[in-house]
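You will see subunit A twice below: alongside subunit B first, and alongside subunit C after that.
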Partner chain A sequence: MSVFAAQVINGIVIGSIYALIVLGTNLLVVVRQVVHFGYAHIVMVSMAIGWLALSHTGENLVVGIVTILLAGIAITILTEPLFRRLVERKSFLETVIVAQGVAIILTDVVSHFFNKGVPMSFPQSLYGGGGMVRLGLVSFTWANVYVVAVGILAVVLLVYFLYRTRQGRAIRAMAQNTEVARVLGIPFGKTGIYGFAVAGILAGIVGVLMAMSIGSVSAELGDSYAVKGMILVLFAGMGNLKGGLISAVFMGIAESMAIYYLPGRWSQAVFFGVLMLVILWRPQGLFGSRT
Partner chain B sequence: MSSATSAQAILRVSDLWVSYGHIQALRGINIEVHEGEFVVLLGSNGAGKSTLLNAILGVHTAERGVVEYMGRDVTRQKTEKLVAAGMSAVPEGRGILADMTVMENLQLGAYHVKHKANEQIEKVLERFPLLMERRSQSAGTLSGGQQQLLAIARALVSSPKLLLVDEPSIGLAPLVVDEILGTLAELKGSNQTILLSEQNAKKALQYADRGYVLHLGTNAVEGTCAELRCDLDVQRAYLGGSDAAPESGTISSQGGEK
Partner chain C sequence: MSASLQLYLVFVGAYILLVWAFYIPFRAGQLYNGPVYCMAIGGYFAAYAVTNLSIPFFVAVIGSAILGAVFGFFPALGFSRTVGVVTAVASLALIFIIQAIIGNLGFVGGAKGFWGVPKIGYLLPFTWALVLVIGVLIYRLDHSRMGRAIELIGIDPDLARSMGVNIRRLTVFALTVSSVIGAVAGAVYAVNLRTLRPETFGFSVVLTAAAMLFLGGRYTLWGTLIAVPVLWGLPQWLPTEAVSYTNFIYGAVLIIVLVTRPEGIVTRGMERWARGLFARLRDKGGEPVKTE
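Right, the complex of A and B next:
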């Protein structure tokens, strides 16, 4: 029983990280109709840059965390111009290829220039020194608590931004009807950059949380999380923020169950299988609307 | 450009050419709109009315010619700059953001209002009590006429110096068309400058001050609404003219059907 509970907690932690990756990816779908395969790679590079900052400052946590956040924002914004002209011409298929290119370049950069391609470990102090919290039968690390708490906070702030602020409304209007939004005088370029900046903040937060919960970063991390992110985006319905959140937490729990109760190698195949069944049944995704 | 005293021209379009790929949509259009005027652009489908409005608003780029707004050359200005400078539009097909609430639609109209945006929205809502009632309803649940009123209200939130209205009567019942055009006439009464594009010439000429008839991207005729209404040749040639008879019977053929 306590193994089961521990796997549920693990699942929620992994699910929170998936949720933020899916949220960021979906936000870019909403903002620019870009399916940014390289988004998880931006998280990975930001972690690597953060590791560099940590190892050059004698493991100064504040510097490390701020560096990861800033790197996430900066790199995400830097990719915006790569897509803008294509999106203006409605060449959406082309954006997928550009995003793939971003992913490959970032993977190569990290595997060639960071720590000679060897996985980089974060200092233990970053994830609460391994201290445990006990609650009845189950115990979990402080890092787990931080991940879930920060994840929830990030979602709340994002919803507030999108639904209660002028720029958030502008992003949603642009997503709903680009032509009308432009007639209303909402600037296409600036609004897109705001959207990318917010997705970048999310990327930075995910980077910090992954550094805390996984404890290390390597070049392959980008691909593995990007693939899962894409599955979840399709699974929930492209651009569906709420559906993405629910699916992500669900997948996190299901995955940690599968890892424990199934032979490990099968968990990926199971997820792609489930995805394909969902797509056959509901091509718009589990939560997507028909139009 | 006949009746114009150039001093208070809010908008002056001179020799404007616009094309989409190989299609030449505008071939040297000239129009002027003065402060407080209600001017209508008439002409059949494809005459270039919407293209002209979109070119004025910077949505389409002009190949040749000049658009002057408040005495400044704004020919290649971006839309957001023009909206910030007091141009405001009711797009063709209303352009309501259906998944957002009535209030959010109005707030988007206030995107460029730097000071007291909420007060502006309240002021506009007072003018449209129906929207006030439904402010938290999603805009897609409004009827066609109500959506058109919302689109107009949204354009008014920024207290525009020039209001561009594109084909508001499309898809609306004749009574509702009268309500919409009546609303525009009321606005004109409070000194709002309006440039309207409208296929339903008969109705539009009842409400506006002056009109331009466009034909295949050129200026065909212009004059006061009284002149245009009485000119049977104009009626016949450009305005779906066989209906010199009373208006009721033929309106539906001009896009008045529900």
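Right, the complex of A and C next:
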């Protein structure tokens, strides 16, 4: 029973990370009609840069965390101009491909310049030294607590931002109807950059959380999370923030179960198979609506 | 002809077929990753058939094509209902699923891989004969009523529907054909590489093929014939230190092409100009020219 609970907790942690990735991706879809396939790769590069910072400052945690956050924002905003022409052409599909180009480049850069392509691991002090907390039959690490707590906090803050601040409302207005928003005087360029910046901060947060829970980063990390994240976005419904959150956490738990209870590589086949079948059955996503 | 040149030419042939397999659904507006999933199936089958079942390669290719049709048909049914981004991303799942399945199949080497495929003497001329035949077939398809209907689906699905085009059926057809060609490309590739692992037919193949398709010309067949040798041959004409940056260059190529010259090198306009040229040349020969 405690093993089962451990898998559930593990799943919630992974699911929270997926949820934030899905949230960031959906945000970019909603704000700028950009399907940013390279988002997970930005997370990965931020982690790599953070690792560099950590190793150069003698494992100064604050520096490491701040570096990852800043790297997330910076790289995300840097990729924004690439998509501008495509957004004018209103081509969703092409943004996926350009983002894939970004993804390849980021992966290649990390495998060449960071630690000569060997996976980089983060110091134990980052996640509370591996200490465990017991609550009855269930035990979990401090890292698990941080991840879920920060995840929830991030979602709450994002919702507050989107619904209670001017910039957030501007972003939602642009998402609903770009032309009308422009006519109403909402600046297209600036709002888009705000959207990218918020997504960038989220990417940085995901980076920190992943450093805490997974404990290491390698160039391949980007690809695996990008594909899973993207498929989850479609599974829930592209642009659907709420649906994305729920689906991500649920699939995190499901994946955790599958990895533990299914032999060999079948867990991956089942995971992707189920997601793909649902998407084929409901192309607009579980929570999406037919426009 | 040196061995490495032979290897190179066969790989170029295989990738030309693969990119053409991507090209066909793209005319209908779909970026479908089914060809790579069938590349794995066709490739592993051909390798196993030639190595363990002693089936001659040219027969094995037919087997790969048939498997490609069967295994390509069912996903095609599902993916005919989806569009654009959804198809592109969800069909990636097929690739990972088949990788996981192959990784669990002990008799083809599982995760450790499959090696020991014997060298096929006639591979080079055979591959290019395939390229020629399939190229002609695709060209004929493009310029037939069916091909024009497929193109219409890509340009304006609503118009296509109102003109009586059965989008569902044509899309399934296009996706299945592309799966078959992908399987054949896989057979050629596998037998040339002679060592396979599940990762061989993975995500990076998709990115490479995409770079080649978009660089060459996404709406024409011909551009592929330029883009594939150039991009695949990069390790040859780059200085040694730059060779490991091949992936980086593929990514950069993708981005630059899509932002600056989205149609690619060989555009539809160029193709029409070339055909006009041929028509006028025929005219000069005294033959009456039928205007389309």
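Just so we're on the same page, the second predicted complex is superposed on the first by the 290 of 291 C-alpha atoms of A that agree within 3 Å, B and C clash if a C-alpha of one lies under 4 Å from a C-alpha of the other, contacts with A are read in each partner's own complex, and residues count from 1 in each chain.
Rule of thumb we're sticking to: contacts are C-beta pairs under 8 Å (C-beta built on N, C-alpha and C of every residue); 3 or more make two chains touch, one makes a residue touch a chain.
As the structure is a computational prediction, the values presented were derived from the model and not from experiment.
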{"item": "Fit or clash - subunit C, subunit B, common subunit A", "value": "fit"}
{"item": "First, second, both or neither for A:Val183, with subunit B first and subunit C second", "value": "first"}
{"item": "Computed vertex angle (subunit A) for partners subunit B and subunit C, CA, steps of 10°", "value": "90"}
{"item": "First, second, both or neither for A:Ala74, with subunit B first and subunit C second", "value": "neither"}
{"item": "First (subunit B), second (subunit C), both or neither touched by A:Val66", "value": "neither"}
{"item": "Which of subunit B and subunit C A:Leu280 touches, first, second, both or neither", "value": "second"}
{"item": "More subunit A residues in contact - subunit B or subunit C", "value": "C"}
{"item": "First, second, both or neither for A:Arg172, with subunit B first and subunit C second", "value": "first"}
{"item": "Partner chain(s) touched by A:Ala6 [first = subunit B, second = subunit C, both, neither]", "value": "neither"}
{"item": "Shortest CA-CA distance in Å separating subunit B from subunit C in the superposed model", "value": "18"}
{"item": "Contacts on subunit A seen with subunit B and repeated with subunit C across the two complexes", "value": "none"}
{"item": "Subunit B contact footprint on subunit A (complex, rising order)", "value": "166, 169-170, 172-173, 176-177, 179-187"}
{"item": "Residue numbers on subunit A that touch subunit C, as the complex places them", "value": "35, 37, 82, 85-86, 89, 92-94, 96-98, 100-105, 107-109, 112, 223, 227, 230-231, 233-234, 238, 264-269, 272-273, 275-277, 279-280, 283"}
{"item": "Subunit A contact footprint on subunit C (complex, rising order)", "value": "31, 78-79, 81-86, 88-90, 92-94, 96-97, 99-101, 103-104, 111, 203, 207, 210-211, 214, 244-245, 247-248, 250-255, 258-259, 262"}
{"item": "Complex contact set, residues of subunit B against subunit A", "value": "57, 59, 78-80, 82-84, 89, 91, 95, 97-100, 104, 107-109, 111-112, 154"}
